[in-house]
Amino acid sequence: MRREWMEIVEHNAVAKDTYRMVLKGQIAEEVKDPGQFVHIQVSERFFLRRPVSIADVHPDKSEITLLYKVLGDGTEALTEKQTGDKLDVLGPGGQGFPVEEDVREALIVGGGIGVPPLYYLAKQLVEQGIKVTTVLGFRSKEESFLVEEFKDLGAVYVTTDDGSLGEQGLVTDRTGELKGSFDTYFACGPTVMLKAIANQLDDVRGYLSMEERMGCGIGACFACVVHTPEDDEKGYRRVCCDGPVFKAKEVVL
Amino acid sequence: MRREWMEIVEHNAVAKDTYRMVLKGQIAEEVKDPGQFVHIQVSERFFLRRPVSIADVHPDKSEITLLYKVLGDGTEALTEKQTGDKLDVLGPGGQGFPVEEDVREALIVGGGIGVPPLYYLAKQLVEQGIKVTTVLGFRSKEESFLVEEFKDLGAVYVTTDDGSLGEQGLVTDRTGELKGSFDTYFACGPTVMLKAIANQLDDVRGYLSMEERMGCGIGACFACVVHTPEDDEKGYRRVCCDGPVFKAKEVVL
Amino acid sequence: MDISISLPGLDLKNPIMPASGCFGFGKEFAQFYDLSDLGAIILKAATGEKRYGNEAPRVAETSSGMLNAIGLQNPGVEKIVNEEIPFLKAYDTPLIANVSGSTMEEYEHVAATICKEVDALELNISCPNVKEGGVQFGTDPRLAEEVTSRVKSVSTVPVYVKLSPNVTDIVALAKAAASGGADGLSMINTLTGMKIDPATRKPIISNQTGGLSGPAVKPVAIRMIHQVYQAVNLPIIGMGGIETTDDIIEYMLAGASAVAVGSANFKNPLICKELIEQLPEALERYGFSSIEEVIGGAHHETAASGLFRA
Amino acid sequence: MDISISLPGLDLKNPIMPASGCFGFGKEFAQFYDLSDLGAIILKAATGEKRYGNEAPRVAETSSGMLNAIGLQNPGVEKIVNEEIPFLKAYDTPLIANVSGSTMEEYEHVAATICKEVDALELNISCPNVKEGGVQFGTDPRLAEEVTSRVKSVSTVPVYVKLSPNVTDIVALAKAAASGGADGLSMINTLTGMKIDPATRKPIISNQTGGLSGPAVKPVAIRMIHQVYQAVNLPIIGMGGIETTDDIIEYMLAGASAVAVGSANFKNPLICKELIEQLPEALERYGFSSIEEVIGGAHHETAASGLFRA
């Protein structure tokens, strides 16, 4: 983990309100696992950093790729950054998705802006010979992204709220049907989606990546705390350093 | 007076910590008198605008020239603006130097960053056939500017604190000697200098341009108020709209 | 969307007005836009006699805000009535006079003199920048109640009491104003602050302390309005750091029925007009179907218009 | 320049330390720099028993600041003593424990337990984010005096009382702490604030209100320290929005003998170390010949070192 001024080497729109940014710097060489994130200081105007997942890594080029969606003032201001600009980045942070030895068939479930970290995960899984099936949910076709990239890695099912791409409906419409075809699932997306998935796939090993508002992003301030089930002695987990990825039953959604 | 996003058409260093900025916009066409100023919003980081005098005007090109010195965070941040950028400007503000009909021989006295508005004044005076003599004071040669430009308009005497340009000393060392050779003086510079000049040239008609910290810059907030002599019924003047230029005996220095 | 609001004494075309002391007596802003566009105008403070105020420097910049210590400079209530208000009467906008003073008697005198010329009074018991009077009326509930009731008894128009945020218990002050007969509340005035210049080693403001305004204080104002809305049944004019329509909506959700824009007028002299133009669209974007639905909306499970107070 | 300072119980290599709650128990920052570089470390709040704190969201961004409502989450004083402090003892830096509680007895218990392991206590009577206890001790002078004297009587190390800015009269609270036997003051804790999301129409922080920190509050902190320095003869640890060496100098000129850096650690985890490195040069640039000359400098015609208090 370090604080570094990373150089923006690419920055372009990839879908409605969604941007791809490639950053160059040493942080890229320190990424351990898919699912880790960077904590970005957008500009002096903003007091808090913004957490954004690492969507891809090229350690050889010292580059990481981020995909972000404009959801407020900070992400809006981020769109104004130009190639060549330097960005104040803290990272890589958190515990990512473990790629355990005994995974054979993986299901990946992503919703909206939860999709990015799953791409780097899927690549890693495929590299290790694991079969990957992906279910992606978006609001609409124009907000969808990374679909073609996932297709290069295995079967991909897409659902959209309005049916403009793939099937109309929710990811759970599809994941239920796929049950039995995978031994482990990996999910990232809105909390309602994570809850639905965790309920539906209650008996399957699963990993979830969570979101919470952060202060420090390094484990010191206890802003990002979530509850654990009653039998857990510690009683809490910090999303920024114990997570963002947790075992499906490790935390209360 | 208007609020306008003016375009920066030139921006370069002219002396130590001193920059020249040329701005294009309608405000240029509305300047009445030399000595008026613009109120600049440097960026969203700053809550208050910064007052900067208009140092020259080209109404035909819709351009004004400013000269500013880096004295704090706002002026420091201003140096980062690039040609082509737009700047949020309010102006032109205030009452400038009157160019009265019966002026024949004018003395101009400028100190440091008080020099800029006097340049446009001198040009206007010369245009009307008035003889202009100029005394400029700077800390040192490397902080001096506009000296050659003033030389095109009349005799110029320069004093510097360290003697690196012109004579070592204060402007008052020279202005005292010049007494008798002018019927009106026009001064702008640090308050100590204005006081010294006003005392020394007590019996001569004079105009002084004053500085005070401003809020609104348009006369509404009463931040920039200065005292008047006891016999003045109103009791105060606002630098931003009654001034910044006052008759030498109109305000208490 | 219709954004008009009726409050005691005030029929507002829209809930947006300039805050006291940040708009003078309107003349300077009249060169930028038609003042009839405003919901109302709150005038600069009036005192019994002419006041020069504090020495300059009177303002200092801070992070996301500014300090001011004008010290209630004004020409005195008679001159305001004779020389300033006539200009404003030409506009089709309600006027609110900001009544200040050092003694109960001065408050009464100013209120009695100016109330005939305006639609409502804003009783300024919260100015932190004068040595005598003003702020102790705003920090001691007993004095707050008394000055309110004395001003109420001489005023022919509704009285909005302007509260100071420099208190341990804002609800106690709001209740005191209510007991004194206030028709509404105006909150907040500035937070007392100081800035020291490392180069001169002295406070920048010659009065040493000044009142902090701007977005820096907004969270404190929102919290206080949220508290007071729950405890006191009076309409609130909210203020402190308003710069955007989101800020206005935040104030109204907390419990304000109207808002005042102060130091942002210095950044952008057109801000009030621009906010007035933008507000209907902003309300629609957030799914509000009326302005009443916004007021106090943060307190309701579903923002029911029945809970509107005016 | 030598920037060391001696305060009751604390020999500080430099006047800069992380503020309570913004640095955990140091582990996370130890990966960025050597904690022995710090003037001291103020630990996260300790209470008698383990606390979970408030529900998330616990933070919200504001203009030049942030709100937090962590709610004193901590593993309880026993675990802090057994599992957290040993790690910090390996560093050559004085430790200050932040003592919190809901009752007089809890404060006493925590203080008595933790004082054996640290160099000083910071008595937190100012946390705005817990329903029970904490803040009423910091707003009522009688309670403040009593809790101070009870903690003093059980503590074997000096006690710095941390004051809340959410009060009408900060000097009264400072005097109460002094009467209770405080060895120093720590000021300020956060200002209570709120932020409402126009989209959800609810406060962002699940506790509704939170404590405002960051540069937004600096003018209030500077004003309060300036007031208290004149009225109470105790050394002050100053805090609130410190991000630069100019800020540190401003705090010390107002009257602080040392400073704490809080939420700026979230922006830049290396900030304390960087400020420590930059401070000597900054002091020289402003013509100070010693760190003592800075302390309270805004109060003296000429900044005389004789007026240093430690």
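Order as written gives the chain letters A, B, C and D; numbering starts at 1 within each chain.
In this text, a contact is a pair of C-beta atoms (placed from the backbone, for glycine too) under 8 Å apart; a residue touches a chain by one contact, two chains touch by 3 or more.
Predicted, not measured: the structure shown is a model, and the values here were computed from it.
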Study note, to complete from the structure: If one overlooks chain D, the chains that stay joined by touching are one piece
Point to revise | Set of chains whose contacts include both chain B and chain A | key: none
Review point. Which chain's C-alpha centroid is most distant from that of chain C?
Key: A
Point to revise | Rounded Å distance between chain B and chain D, as computed from the means of their C-alpha atoms | key: 46
Check your understanding: So, what's the distance in Å between the C-alpha centres of chain C and chain B?
Key -> 36
Point to revise | Length of the line joining the C-alpha centres of chain C and chain D, rounded to whole Å | key: 33
Practice item. Pull out every residue in chain C that's touching 2 or more other chains. Key: 62-65, 214
Review point. If each protein chain is taken as a node and each touching pair as an edge, is the resulting graph a line, ring, star, complete or other?
Key: ring
Check your understanding: Of all possible chain pairs, which ones touch?
Key -> A-B, A-D, B-C, C-D
Point to revise | chain D contact footprint on chain A (complex, rising order) | key: 1-3, 41, 46-49, 74, 90, 212-227, 235-236, 241
Review point. Any idea which chain C residues touch chain B in the complex?
Key: 21-24, 27-29, 31-32, 44, 50, 52-53, 56-66, 68, 70, 73, 204, 214, 263, 265-270
Review point. What does chain D use to touch chain C in their complex?
Key: 62-65, 67, 139, 166-169, 191-196, 198-199, 201-203, 208-210, 212, 214-220, 222-223, 226, 241, 246, 249-250, 253-254, 286, 297-298, 303
Practice item. Please give the residue numbers of chain A that touch chain B in the complex, ascending. Key: 44-45
